[in-house]
Amino acid sequence: MSLRPTRTFHPYAMLAPTLAVLALFCLVPLGVAFHKSFFAWDLLTEPEPVGFGNYRALLASGELGELIVRTLAYSVVVVSASLTLGLALAVALNREGRFYAFVRSAVFSAYVVSWVAVALLWLWLLDPQAGLIARVSKGLGLTPVDWLGNPRVVLFTLAGVTVWKITGYAMVIFLAGLQDVPRSVLEAAALDGAGPWQRFRYIVWPLLRPTATFVATTSLILSFQAFDIVRVMTQGGPVRSSTIFVYAIYEQVFVNMRVGRASALTVVFFVLLLGLTGLQWWLWRKSADSRVAT
Amino acid sequence: MTTRLVLEGLSKRFTGRGAVHTEALKKLDLEVRDGELLVLVGPSGCGKSTVLRLIAGLEEPSEGRVLLDGEDLVRVPPQARDVAMVFQGYALYPHLTAAENMAFPLEMRGVSKVEREQRVREAAAIVGLGDKLERLPSELSGGERQRVAMGRAIVRRPKLFLFDEPLSNLDAKLRAELRVELVQLVRRLGATALYVTHDQGEAMTMADRIAVMRGGELMQLDTPRTIYERPANAFVAGFVGTPSMNMVSVADSPRVAGLTLGVRRGATCGFRPESVRFVKDGADTANPTEGVRLEGRVVLVEPQGAETFVHVDGEGFVVRARVEGFGGPELGSRVVARVGAAELHWFDESGRRVEPLA
Amino acid sequence: MTTRLVLEGLSKRFTGRGAVHTEALKKLDLEVRDGELLVLVGPSGCGKSTVLRLIAGLEEPSEGRVLLDGEDLVRVPPQARDVAMVFQGYALYPHLTAAENMAFPLEMRGVSKVEREQRVREAAAIVGLGDKLERLPSELSGGERQRVAMGRAIVRRPKLFLFDEPLSNLDAKLRAELRVELVQLVRRLGATALYVTHDQGEAMTMADRIAVMRGGELMQLDTPRTIYERPANAFVAGFVGTPSMNMVSVADSPRVAGLTLGVRRGATCGFRPESVRFVKDGADTANPTEGVRLEGRVVLVEPQGAETFVHVDGEGFVVRARVEGFGGPELGSRVVARVGAAELHWFDESGRRVEPLA
Amino acid sequence: MDRLVTVALALVALVWVGPYLWMVATSFKSLDELVRAPAWPIPSRFRLDAYREVFSALPVWRYTLNSIVMATLIGVLQAALALPAGYALAKLEFTGKRVAFVLVMACLIIPPQVTFVPVFTMLGPLGLVNTMTALVVPFAVSAFGTFLVRQAMLSVPNELIEAARLDGAGELTIIYRVLAPLVRPTLAAMFLFSFVYHYSDYFWPLMMTTDDHIRTLPVAVALLREQGTGVRWHIVMAGNVVLTMPVLVLFIVAQRRILRAVTARALS
Amino acid sequence: DRPARPAGEVAFWFSYGGNNRKVLLELVSRFHREQSAVRVVPTFQGDYFEGLVKLRTGLFVGAVPTITHVVGEVVPYLARAGVLERLEGVGDAVLSDLEPALAQFGTFEGAEDEPLVALPFNRSTPIAFFNRTIFRELGLSPPTTWDELRAVASRASLVGEEARWGFECPVDWWFWTALVGQAGGRLVEDGRITLGGEPGARALELWQAMVHDDRTMRSPPGRDFNAWEASNGDFLAGRAAMIWTSTAFVRYLEENASFPVGAAPLPGDVRRAVPTGGTFFVMPKGLPAPEREAGLAFLRWMMQPQQASEWARRTGYMPVSQAGRRELEATGFFREHPNFKVAVDQLSVAQRWPWAPELFRVQREAVQPRLEAAVSERLDVRKVLAEARLVAEAG
């Protein structure tokens, strides 16, 4: 239940700095992007109105559709894999002991390290000839995969590296969620005849669902914003097969000098992500509502 | 079906941080008879929950055995023990409805859907939860939650019920009501049950027999009446009864400030508040060498309705007395009171009860 | 300094979701006299907290006035009201030590550091918290926390103390202890205080006067004794006393199953458990037209130590009786009991008390 | 079963720690060694050449300092601003609350790569390019942080705020002196996430600065890569080690607190 | 308006890391030692793309450097946008000494009527590098025709455990342009973007054949510098016997290879042809006169033979000053380092780029993104190029 503010203007004053900064550096730029999406503009010469030209060009070339599919594919892999892995690790590591603490920190540390460093590191590890991965798989007698060179593989390679980087985040949030599952409820389930797997399946997982939605929402946003990893590792290639949204926007501005088209992409990006997160939020609220403190 | 639970020399040590050991239980022997409701009572941390958890198999004993109808349970995992437990706060599954909560143990045991529904309905009828079966625990009142927890326990028809302070989260009024319900339900089922509480009042009203514990050891095991009237030691005497027994330690002298003692029979003398009787000062004709005589000032009067507690300050120590109704002396007045010799409890230096001479 | 609080026609409506109005208070009039400890009691949701919050200025009344020593407080912001409040769970600042918690209101009022320390020390001495001043709330026991909360309230030397169920988070034993302390402290300070609880037992033992509320309305305002012995209506009669008063609604006939009534004086007849006296069936010689006669089977015996509650099922309704010690009839036996005519409370259809004819 | 889990977890640890070890090992090798036998983890000889080159090529300390100052300022500002905003959104009733909340959440999903052109065109004419302001102010508010603080505030009992009001505290005092300590775990988590992100951010500092004195470490480390020549991995990895070590060390030293802070009920 | 720079200060934005940056900074320090009137402040601005965006945003808000360098393809674009300053002020002495094929007018066809806005800096051409050890063992010499290229590549290839590619080359616009020229084509003919027509297709088919039929060329490993790095890495590790890459890598490859490195001009088909690459110095329009003069002074100094030759010697780029080149010849540097001379000699067959503002878009949007797929998935090259032409024409 909310409190009555002591003065009516208080809440507005408290929110003013936040909203001002967000307006200036997020909403206004979005508005500018929306406006510029109806122009052809290279930042050098006068913007030239083109109506829906930018959107039409993106649609006509099939670029937009491919971008959306690629970005979604990447996000789905990243979100589902980091969620699953993070959950499994959280469950396995939710206990006392130095060893477990060490593994926890090891996994989470990747989240702390910069994207650029991670991307460079993995670029090196994944080198098809010289990389550690190739050497190891050769040593094991497997055919080395061209992780970054094969257009059919590269998106999943990037997703894999992203999973490596952000699983620690999911794990930590799940650990927090697990702490909220009362031990007595699990013990009750044990006495009720549920084995470890059943306890997870019927008790832990349903109770973690709101946490999972939270993690999913935030990782979805995170994965949609992936940029450094693409820029450093593949520049969107080969054959554009790893060009995902933010990188495509960057490419339009930086490489093709098409700010208008980049703005059109920005608008689509925003609407898409807004829709997706809105959907997830809604799901979260639904599951959070049905969740109860014992 | 008869059920008999025997604990033999049960010990439990926990290893905490820095390898500090806690001896939660020390060679405990205990028997719960068939159809009996035995209440385990004691202060916080005395090992009550540990006993239940060992019986349920949630912990492994360091030593000793748990025998249920003669079968040693030590190697049996909790899932396989025929024991139901009701937890403090009930530990209901918050995401399942009342009906689903009750059906859960059956589902885990592979009982068919039809039979599950049948048995849940029966259990719901027994605990009186007819029309609330589709609600989530959060949509139920405290009392209704307790009924669901009970229902979940009885639906399995276990050999033994364990209760770990199931009422301690509730407010006084609801607690008094629910303990009545619970006792009647257990009696109706003819079940064997071990009930843990730290509230001696609850123990008194519910138990067939009470086991009083302290620091992992059994202090006394007997009927409520015996425990109240003939406490085995100073700890039990002080722990049971509210307000608790007045305890006066009589170092050497038989006179302690405002208190005059008759024959001295131990190191500590105890008497219950209801044993204290106020007398008109002039009218105090009893033999001063018998029982206790006490003078002091009334510092607090606590009317309860049917009874009133009067706190008398006898220079340095405070004695609680109980009088019927709203009677009794006024706040601030000086009073004289008496306790009959037969109503005194004596304890030796080690706290053990000293029985009156025959 | 004398303090007198008057509430005049105080109403409060809350607008909830979908513009549904809750009438939390309905034209309440109340007076708290100087130096009095007035306890506000009533079931959950009856508006007790709302009264306190209106007095403290945390809410604005929809109608009516709050007068403190004649001054209307309505336009005065909470900070400026000379009123201290102790919340349920104490609302201590968890990151500040006991001393800092107590110094906080002084700091906020710009009291100098030297004076702050001086006054905190004084307050700590009053509440008896000498050597624990540097501890965080989490390092204090429930009782000590309560003392800090009290300290924080008294350090400001307010005109009026407000307590909103300060003990309801504690367990029974600690609660009984702390209420004693609290009452003594309030008395020692000679403070005027309004104390809210939903526990009638607490109200009985602590109050100078009790105000019983229901649904935003005042049901009765009087001393504990009067409230207990002459409840103004059926609600108060049932609410105060534990176990609560037996209530029998006598539709038309003076005989209700196992119950025989003498002269009928209202729609509902009430009698307290301690008024029920068991008689040997043959020895029941009293005039059957006087008081109540009751036959039934004992369905539950709840020994408490000094007293025992016996539940008697008289075909369809259950009567609770109270007997001293462990005496009283056995579980399952058939009994006859009597209640004297003078001990009956009568209430009319609307629940109002019917006074006995002179 | 337990042993199996332990082995699996050890493998997991290897998958996460291995790359770092690899990075460190690589930085001690020579290019020649890298080209010929890159898979052999242990350098034949520990060479500090790469580090010598890194430290001689770049004013590492200065850049590190810039990075730390920038990331700290951002973290502190975010916390300072999220507190009142989170408080208002969690605890106060006022018209427009939903709208405000939705606005904040909408900004959660916008990455800097899509806003920088308009922002640059705003800051440029103000002469703010090349200033700490341009690096810090656009991130002074974190939508995510505001959300987390709001969630944390939701679980603070209203009584505490009311008690403080009765004690005579103003709203700012309540926010910064009463509530801030209470939501410290959340603030710590928020600061950690923010610090790590901005400390290692390459894009924004590069774009908003044209001057070396204000540059940050990731921008500098990017210099170690060769535009138009071959990559000398040992040097890049040495740069990576230099870039990564401060946060990793910070994390290892404070990991207990950090993990606790992050797991301390980040969500409702 | 932007704050005035201190008198005599030249803000110089660059995009190099590593060795190139080191050499550049050393040149700047020498400049400072030799005079004190002008002070150059060199600042890294990210890679070429990032640097260009910063120039553009800088122009937009009026926060520009005195000098920056940009890749050749965008010079016509920037010139057409009217944001570049004329640079005739460096003086005729400097201009007449510039290597014609590397200077603005020699690099761009149809630029004769345009103002001079760009001075060459790090200029390059693609050349072939080969592993002398392998070539000696197999008795091979560098190919001079496409047929020889395929033959040499297949001789030098090894399959199995110690697999080796006979030939490797980033599948990049630059090398494709070289092939188009060699096949006799031109990107723009009579003002129309043809992308080489039939020769353009043949260029792609050569790669396809080598990748898929001969299996002597490595399939494209990735875009932009990844591909470049991959071919360099494979070459250094002995996994590729011959690569095509920029002359800029001469020093890097020589220094890091464990075998003697040979360099050779690219082969020809119907003729010999190579494009040029690299960057030009440019200056934004509208600078205050003193700043402009200071910038020109620095450029003048950089164009001098001594600087041009040092830059070339220490990096592998070509000397932009004719006198500088002659100096390298005279001091025997080219004799000692014949690999450094290959590109210079090859300038005789260098082809000019069209002075077309849309050139960079044709490259980046129309052609470059289609090359890899065309080769690695063996698409119908004519269809691919037709599509690229459509995109290019759409603008």
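So that you can tell them apart, the chains are marked A, B, C, D and E in the order they are listed, and the count of residues begins at 1 in each.
Following the convention adopted for this analysis, a residue touches a chain if its C-beta (ideal position, glycine included) is under 8 Å from a C-beta of that chain, and two chains touch if they have at least 3 such contacts.
Computed from a predicted model, the values in this text were never measured in an experiment.
Common partners of chain B and chain D, by the touch rule above, are A, C.
Ranked by separation of Cα centres from chain C, the top chain is E. The pair of chains sharing the greatest count of C-beta contacts is A-D.
In this assembly, the C-alpha centroid of chain A lies 16 Å from the C-alpha centroid of chain D. Put simply, the C-alpha centre of chain A and that of chain C have 56 angstrom between them.
For the pair chain D and chain E, the distance between mean C-alpha positions equals 38 Å. Multi-chain contact residues, meaning those touching two or more other chains, do not occur anywhere in chain B.
Each of the following residues of chain A touches two or more other chains: 4, 6, 43, 127, 130, 253.
Looking at chain D, residues 35, 117, 121, 162, 165, 222 sit in touch with two or more other chains. Touching chain C in their complex are the following residues of chain B: 168, 171-173, 176, 180, 183-184, 198-199, 201, 204-205, 224-225, 228-229, 240-243, 272-274, 299-300, 302-307, 309, 311, 322, 324-326. Across the interface of their complex, chain A is touched by residues 5-6, 8-10, 12-13, 15-17, 19-20, 22-23, 26, 34-35, 38-39, 81-82, 84-85, 87-89, 91-94, 96-97, 100, 103-111, 113-115, 117-119, 121-122, 137-141, 143-144, 146, 158, 161-162, 165, 171, 175, 192, 196, 199-203, 218, 221-222, 233, 236-237, 240, 243-244, 247-248, 251-252, 255-256, 259, 262-268 of chain D. Here chain A touches chain D in the complex through residues 1-6, 8, 10-15, 17-19, 21-22, 24-30, 32-33, 43, 89, 92-93, 99-117, 120-122, 124-125, 127, 130-132, 135-136, 139, 164, 168, 172-173, 175-177, 179-180, 210-211, 214, 218, 221, 224-225, 227-228, 246, 249-250, 253, 259, 262, 266, 269-270, 273-274, 277, 281, 288, going by the rule given at the top.
Residues of chain E touching chain A in their complex: 49-50, 52-53, 56-57, 59-60, 77-78, 81, 83, 219-226, 230, 233-234, 237, 239, 360-361, 364-365, 369, 372-373, 376-377, 391, 394.
In the complex of the two chains, the chain C residues touching chain D come out as 53, 56, 58, 78-79, 81, 83-85, 87-89, 91, 93-95, 104-105, 108-109, 152, 156.
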